Amino acid sequence: MVTITKMMMTIITEQNLEKAIIHDLEDLGVKGYTIIEAKGKGGSGIKSGAWMNDSNIQIELILDNALATKIYNFISDTKKYDNYSMMVYLSEVNVLKRHEEN
Amino acid sequence: MVTITKMMMTIITEQNLEKAIIHDLEDLGVKGYTIIEAKGKGGSGIKSGAWMNDSNIQIELILDNALATKIYNFISDTKKYDNYSMMVYLSEVNVLKRHEEN
Amino acid sequence: MVTITKMMMTIITEQNLEKAIIHDLEDLGVKGYTIIEAKGKGGSGIKSGAWMNDSNIQIELILDNALATKIYNFISDTKKYDNYSMMVYLSEVNVLKRHEEN
Amino acid sequence: MVLDPVVMFFIAGFTISLMRVDFKLPSAIYEFLSIMLLITIGLKGGIELSKQHVGDLVGDVGLVLLMGVLIPLIAYPILYLVGRFKRVDAASIAAHYGSVSVGTYAVGVAFLETHHVTYESHMPLYLVVLEIPAIVVGIILAKGITKETNWAEMAQESFLAKSIVLLFVGLFIGWAAGEKIHATLDPFFFAPFKGILALFLLEMGIVAASQVGLLKKYGLFLVAFGIIFPVIAAAVGLEFAHVMGLSLGGALLLMILAASASYIAVPAAVRIALPEANPGLSLTASLGITFPFNVIVGVPLYYKMAEMYLGG
Amino acid sequence: MVLDPVVMFFIAGFTISLMRVDFKLPSAIYEFLSIMLLITIGLKGGIELSKQHVGDLVGDVGLVLLMGVLIPLIAYPILYLVGRFKRVDAASIAAHYGSVSVGTYAVGVAFLETHHVTYESHMPLYLVVLEIPAIVVGIILAKGITKETNWAEMAQESFLAKSIVLLFVGLFIGWAAGEKIHATLDPFFFAPFKGILALFLLEMGIVAASQVGLLKKYGLFLVAFGIIFPVIAAAVGLEFAHVMGLSLGGALLLMILAASASYIAVPAAVRIALPEANPGLSLTASLGITFPFNVIVGVPLYYKMAEMYLGG
Amino acid sequence: MVLDPVVMFFIAGFTISLMRVDFKLPSAIYEFLSIMLLITIGLKGGIELSKQHVGDLVGDVGLVLLMGVLIPLIAYPILYLVGRFKRVDAASIAAHYGSVSVGTYAVGVAFLETHHVTYESHMPLYLVVLEIPAIVVGIILAKGITKETNWAEMAQESFLAKSIVLLFVGLFIGWAAGEKIHATLDPFFFAPFKGILALFLLEMGIVAASQVGLLKKYGLFLVAFGIIFPVIAAAVGLEFAHVMGLSLGGALLLMILAASASYIAVPAAVRIALPEANPGLSLTASLGITFPFNVIVGVPLYYKMAEMYLGG
C-alpha cells in the first residue's frame, strides 16, 4: 500500500459558525474538508442538537504539517475564536488516494 | 504547536441506549463528549438507520489514560453492556485547545 | 486494558454510491462497518449536503492489515473508482471489545 | 373484502422492501409522522373525554389494567414451556405482547371510520394505560421480585417514554380545550390523519419486511406464536369488552389493543431492564409477524369476531 | 381567561422538558416548521400589501425603524448600570430585545384570529424591518463607531439572515401574486398555520425549559429584566401604535414586536460581530424568560393594555 | 404573461442562492417533499387509470417508449459531433435528456390546473415508462453492446430506482382503490399538492443556482444545448402527441416529458454504469440550465406551440 503520511485536524465547534470558520480556513489555504453534524457536551455546556443554535459540527481536515501549524497559530492568535465553544485535536493518518489533501 | 497528548475513545452503539450510556459515563467522571448519528453493520446485524430502534450513535471521548481505563473496566465488568451491540476502540490524539478534555 | 491493534480505514465518498460500495466491500470480506453522513469539499467540488446527489458518506472500517491491503488493491485496480469522488485514509486503533472487527 | 387504502400502503412498503428497492423515509420524517399520529390520537380522545365525567371511568380503567397484566401472564407459559425459550426471553416477549402498538390501533380507527362505525371516545386513554403493566409483569417474570431492579428508573423509563408522553399531551390538551380545538387544529392534525397514517404504514411495511429475513433464524414456533397468540389475546379483549359493555367499535379497538404487540416503547424499556434478553427475538415477532398479520388480516377478523359475539 | 390551545402546546413542551422526558422534534422538522411559519407570515402580509400603495407606508416604516433603535437604547443603560453587566454583554442583550421573535408574533396572530380581531395587513413588513436596527445599535454600543467593524459583512450577515430572507420571499410572492395565491397555497400554507404553530411551540417549550437550568447561574436580575423589560417595551410599542394610528389588533402586534426578543437571527449575528459577548446570557433571557412570559402572560396582558389605552 | 406562484418560488430560490444567502431546506424535508410529489402524481394517474381499460393503452405506451429511444438518439450526434464531447459524455448527457424530470412535469400539471385545461389521465404512466429506455440507449451509445455491461444489475438499478418505484406505488394504489381514495387521502396528498410543489421548487431554485457557477467551466455550447435541445425535443413530443391524438393538455405534458431532463434517477444510474462520464457536465446541463429554462420559459412556450399546432 502506497500511502502518504498527513495530519488530520478535527475541529468540533458550534454549527452556526460553520460559514465563518470555513471562510477563515479557506483563506488560510484549506482546499478540502469534511463536515459532520454532531451534538455534545463540553466546557461551554450541552449542545443537544435540538436546533441550530444548539448543535455542533465536526470539521475534519487532512493537511500537511505546515498548514496545520498555520491554522493552529490563527486559532491561537485570533481573539474571535477564544470565545467560541471549540475543541481541536490532531492525529496522524496515511492517505491512500491522492486528491486534494491540502 | 503546543498540544497535550490524550486518548480518544470511540464507542459505537445502539441509539436508544444513548441516555443510559451517557448517564453511566458521566457517573464515571466524563465531562465532555461528542455524539454523531451513524448506521452500520456488525456482529449483531444491520442497523439501517431507518428508525430509532435501528440506528447507531458514535460517541467520541477525549480523555486521559486513567479515565479511559476506568471506563474500560466498567464496560468489561458490567453484565449489562455485554448484551448490547457495541464496538469500542482507542487511539491517541493531540489536543490543541484546552477545554474540558475530561 | 486488553486491546487488539487493528487498522481503521476511512472512506469518504458520494452518498449515492453507498449501495454499490458496500456491496463491493462485502464481496471483499468486510463483515462490519459504520456509515456517517457528511458533506465536504475536495478535488471534485463542493458537496453541500442539500440533496442526495450532493452529499457524502464517511465509511469507517475496522479491519486487519490483510483485508486493508485487499481493499486498497481493489480500489487502485478498479477503473470504476478512479472516476468517483473519494478520499481514503488509514490509521491505527486499539479495539477494546471484540465483535466482528473483520 | 376490500382492503383499506392505508393497508395497501403497508403492503406496498412490504413488497418493495422484499424486492430490495433501496428506499426508506428519512428517519426525521418517520419520527414526524409518528409524533403526528400520537398527538392526534391523544387529541381525539381528549376532546371526547372533555364531554364526560372522567370519574365514571375509574372502574373500566381498572379492568383494562387487569387485562394488561393478564395477557403477558398467558403468553409467558406458552413461550417458556411450549416454545422452550430462555426465561428472560419468554418474559421479554410476553411484555411486548402485553403492551400495545399505536400503528395497529390507528389502522383500527381508520377501519372504523371507513365503515362508519362509532366507538367509545376514551379508548386512547386505554392506549396510554396499557403501555405500563406489561413491562412490570415482564420484569417480575424474568427476575422475580428482587431488590436488584431499579423500579424508580424503570417507572421513569416507562411512564415517560416518548409515545406515552405524546399521547398524554394530546389527551390533556384535547380535554382542556375541548371541542373548539377542532376548528383550530383540524387542517394540520385531524384532516390529514389517514394520509399521515398511509405514509407511516408505507415505511412500517419496509421496516417489517426487513425483519422477515430473521424469521429463519428464530424458527417456526415464533411465526406460529406471532399469528396465533394475537387471536387468543383478541378473544380475551373481546371478553373484557363484553364485561365493560363496550359498543362494537369500542370492542374492536380493545381487541386490537389486546392483540397488538409493542415495537417501540417496550423494546427500549426492556433493553434497559432485561439486557440479557435477545432483542431480535421479540422485535421479529412483534414487528415482523404480528404487526403485518394484525394490519392485513387481524383487524377485519377481530371485527367479525366482535360482530358474532356481541351481535353487532 | 382561557388559554389558546397553541399556548397549551407550549406549556406542555415546557412541562415535559422539566420532567426530563427525553423528547424533542427532529431538528429537520423543527426547521421545517419555522420555515413554514416564516413563509406563511410573509405571504399573508404580501397579499395584503398588494392591495394598497406601498408608498403610503414610508413614513410608518421610518417610525418603526426609530422604535427599533430606541428600544435597545432603553435596555442598554438598565443592563449596564443597574444590572452591572459588562459593556459588551449589555449591548448584546440590548440588541436581542430590540429585535423580534417570530414565534411570539405568530402567537399574537393566532390570538387575534381566535378573538376575531382584525389588524393592519402590513405588520409582517415591520417584522422584517425590525430585525436590522437593533443589531447595528448593539454593535455601536459595544464598540463605539470604530473602523474595526466590518459593516459590509455585518449587513450581509443580518440582511441575508435566513429568517429575514424567508419572510421577504413570502412578502414578495404574496405581493406579486396577490389574493389569487390563496386558493393555490391555502391547504399547505394558510389552513394548517395554527397546527404548525402548535407543534412548533411544543418544541419551543422544550427548548425554553432547557434554558431554565441556567437561570441560577445568571442570577435574579436577569429574570427580573426578562419579565419587566418586555412590559416597558410593549408600552413603548403602544405609544408608537397610537402615533401611527394603528387599530387595536395592529397595536397588539406592534407591542409584541417591541416586547419580544430575538433568539435566532440576533444570536447568530452577534456571535460573529461581538464574539466576546456571553451568548448564554442573552439566550437565557430571551428564550428562557421573555419568550415563555410573552407567550403565556404577555400577549393577553398587552391586549388589555391596548384596549385601555386605545379604548378598543 | 403572469407567472404561476409556484414558479415564483423557484425564481425566489434561484435568486437568494445567487445572493449567497445561506439557506437550504433540511435534506430530510427535501426528500419528504419529493416523495409526496411522486406518490401524489402516481395516485392521480392511478385513480384515472382505474376508470379505463389499461389494455387500450398498449399501443400508446409503445409509442412513448419509441419517443424515449428517439430523443437520446437525436441528442447524441449533436453532442458528439457539434459539441465535440467525449463519446461517453455525449452518451451520458443524451441519456439524461431522454429521461424526464418529475419536478418539471409537476409544474406542467400546476400550469394546466391554473388554466383549467384538462389532460389525459394516464400521463403519469408515461412518466414511469420514460425513465427506462434513455438509460439503456445511453449505455449502448457509450459502450456498444458489449458483454461487459451487467444488464441485470442495470435493470435493477433503473427499474427499482426510488422515483420510479414511488410513482408506481402511487399508480398501483390509485388504480386498485379507485376514486374513493380521494376522500381518504385528499387533505394530506391532493389538496396540498401545489403548496408542496412551491416549497420543493424553492429548494430546486437554490440547487439549480448552485450549478450556475459551473457554467463557465463547461462553456457556451452546453448552455446553448441546454436551452435549444429542449425545444427540439418538445417539438418531437408534440408530433408524438399529434399521432397519439392527445388533447391540448395531454400534448403539453408529453412535450414536457420530452423536453425535460432527469437530474435524479439517471445521474445515479449512469454513475454506476458509465463511471468514466463526467457527472458535472450532465448535471449542470439538466439542472442548471434546462430545468430553470423549462420551468420559467419552456412550459408556457410549449403550451403556445401546442395551441398553434393542434389548434387548441
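The chains carry the letters A, B, C, D, E and F, assigned in the order they are written, with residues numbered from 1 in each.
Going forward, a residue touches a chain if its C-beta (ideal position, glycine included) is under 8 Å from a C-beta of that chain, and two chains touch if they have at least 3 such contacts.
What you see is a predicted model, and the numbers here were worked out from it, not measured in a lab.
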Along touching chains only, what is the step distance from chain A to chain D?
2
Set of chains whose contacts include both chain E and chain C:
A, F
Chain at maximum distance from chain F, centres defined as averaged CA atoms:
B
For the interfaces B-D and D-F, which has the higher count of C-beta pairs in contact?
D-F
Please tell me whether the contact surfaces of chain B and chain C are same or different in residue numbering, using the over-half criterion.
different
From chain E, the most remote chain by mean C-alpha position
C
Where the CA atoms of chain A average out and where those of chain C average out, how many Å apart are those spots?
20
What whole-Å value do you get for the distance between chain C and chain D if each is reduced to the mean of its CA atoms?
40
Between chain B and chain F, what's the gap in Å when you average each chain's C-alpha atoms?
46
What residues in chain D touch two or more of the other chains?
22, 25-29, 31, 187
Where in chain B do residues touch two or more of the other chains?
36-37, 44, 49, 91
Inter-chain touch pairs (all):
A-B, A-C, A-E, B-C, B-D, C-F, D-E, D-F, E-F
List the residues on chain F that touch chain C in their complex, please.
24-25, 27, 30-31, 203, 206-207, 210, 214, 263-264, 267-268, 271-272, 275-277, 280, 283
Would you tell me which residues of chain B are touching chain D in their complex?
14, 16-17, 20, 44-45, 48-55, 79-84
What residues of chain C sit close enough to touch chain A in their complex?
10, 12, 36-44, 49, 56, 58, 68-69, 72, 75-76, 85-91
Interface residues, chain B side, partner chain A - complex:
1, 3, 6, 8, 31-37, 62, 91-97, 99-101
As the complex stands, chain D meets chain E at residues 26-29, 31-32, 35, 39, 156, 160, 162, 165-166, 169, 172-173, 176-177, 181, 184-189
